[in-house]
Amino acid sequence: MTLAPELVVSRWFNTTESLTLAGLRGRPVLLHAFQMLCPGCVAHGTPQTQRAFELFKPSDLQVIGLHTVFEHHAAMTPVSLEAFIHEYRLTFPIGVDEAAEGSPIPTTMQRYGMQGTPTTILIGRGGNIVHHGFGQQSDMALGAIIATELGR
Amino acid sequence: MTLAPELVVSRWFNTTESLTLAGLRGRPVLLHAFQMLCPGCVAHGTPQTQRAFELFKPSDLQVIGLHTVFEHHAAMTPVSLEAFIHEYRLTFPIGVDEAAEGSPIPTTMQRYGMQGTPTTILIGRGGNIVHHGFGQQSDMALGAIIATELGR
Amino acid sequence: MTLAPELVVSRWFNTTESLTLAGLRGRPVLLHAFQMLCPGCVAHGTPQTQRAFELFKPSDLQVIGLHTVFEHHAAMTPVSLEAFIHEYRLTFPIGVDEAAEGSPIPTTMQRYGMQGTPTTILIGRGGNIVHHGFGQQSDMALGAIIATELGR
Amino acid sequence: MTLAPELVVSRWFNTTESLTLAGLRGRPVLLHAFQMLCPGCVAHGTPQTQRAFELFKPSDLQVIGLHTVFEHHAAMTPVSLEAFIHEYRLTFPIGVDEAAEGSPIPTTMQRYGMQGTPTTILIGRGGNIVHHGFGQQSDMALGAIIATELGR
């Protein structure tokens, strides 16, 4: 069992309060790491995360987007991200992964050892990593692993 | 709680033995009612059922297709269905819903009060109807309800 | 320049009169060969042909579907084809390629040396074969070659 | 016949020389106006323009993208656009529509009276506007109008 490292976020969108895994312990968390200029994220990852956010609203699943910019940093600043969130009608909470000193890879992305974007991670009620998927995920499989964790 | 009526099948494909809900009691059953000339079935329903069959193979879910012909009967005989199954590479068990005397609607379709095709029904471990959906189903929602039932 | 062989059709749908290339000389003809149980035809070829039929209605293009059954003959009889045409809302003229003695490949399909289905052929105003494509065709390219021929 | 107004571009990508309609007179020009954060552009418009660029490479059609930012100006600066062009593998020439004093709508966009993005305009060999379409365009229809103009 791998415990999920804490998030390090420099700015939040779509939420008035900062979210931490510590504060969410006991609830499953769907963490979606993306970049606003990553074609696979825009075509598949973020719409899928929005679908999960809407489908599981009646449950205690917490959906969190994480903007993990590791390339084209000047092109994907928070001001651009904010317009992206607005234009794509994303309504789940999204945090900006904090830049790391001396590395293009931001802090949370480093902690999780993510290989790139999109990355989809499911954190269990106990704070453990239940699923860590890089690239396109099947809707049916994602629905199943979330429901399985919700049933615990 | 509604108990799922027994299937009445005149011929099976993709299985050497006849399947009955009585014999499957204790296992969840995904029942997919379709017609080979129903565009919504061909575009969405049967490929989705095939995906469910493959995704949940490691579990004890039983996937069953049911060819519920209620129109164009002469056009969708078992010989045509057999070619359809072959060409679309469907590998889950498929039964032909038995024709009913004096009605174009076949027997099992009548018993379940299905409104048309595609219809997707999930039968729980206890033989009860957990989900009865007419028309296009979301992959994510279907994955979730199957996983929830598997977790019981 | 290859002259397009004449069609040999045993039965027509969606037209009250038999169509012949001889009778259509002077007009471009889009000939779409398909089988109702060919997944690539159902997903791409026949809807594309329907789109071409609607887009080029104001022009003198003649669109013709040709049901070239070369496998599963008993599964794709005219009665099944008729229901298929109805369910998929195909409104362009469709002919049944005449069965050939001693071969599973029907007559017109043989004459054109088609490799399978779907096959999309554009016949020019002069009766010549302008384009012969096997498999999925790009909508943009097909629109372009039709318009080019219409402009002659 | 409406003559196409000249382009006013502040910066070019994917070309070493500035392009002007005056300099292109005699050749058809496909002008695609988009914004990098416009979902309909990203999903349909720019990939369609890329397909047109590749399909008609053997012809004398000139394809031009025009980044017409009329909202979220700070979010879609040239540095962000450059990363967008790189990530989405766009290889046709793209100009940044020049900002207009006292209006959020950039200069060329104003001159053409565009209603929004995506907008697809075909300019004929004579410099006239052959087609002005707002929103999603059909691939087949676009292929046809380009080919028709190329045939003049």
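Per-chain numbering from 1; labels A, B, C and D assigned in written order.
Note that contacts are C-beta pairs under 8 Å (C-beta built on N, C-alpha and C of every residue); 3 or more make two chains touch, one makes a residue touch a chain.
None of the values given here were measured: they were computed from a predicted structure.
Q: If you walk from chain to touching chain, how few steps can bring you from subunit A to subunit C?
A: 2
Q: Which chain has its C-alpha centroid at the greatest distance from the C-alpha centroid of subunit B?
A: The most remote chain is D.
Q: Using the average of all C-alpha atoms in each chain as its centre, how far is it in Å between subunit B and subunit D?
A: Between these chains, centre-to-centre, one finds 49 Å.
Q: Distance-wise, how many Å sit between the C-alpha centres of subunit B and subunit C, to the nearest whole number?
A: 34
Q: If a residue has to touch 2 or more other chains to count, which residues of subunit C qualify?
A: Not one residue in subunit C touches at least two other chains.
Q: Hey, how would you classify the chain contact layout here, line, ring, star, complete or other?
A: Graph shape, chains as nodes and touching pairs as edges: a ring.
Q: Touching residues of subunit A toward subunit D in the complex: what are they?
A: Residues 37-39, 42-43, 71-72, 74-76, 79-80, 82-84, 86-88.
Q: Using the touch definition up top, name the residues of subunit B that touch subunit A in the complex.
A: Touch residues, subunit B against subunit A: 48, 51-52, 55-56, 138-148, 150-151.
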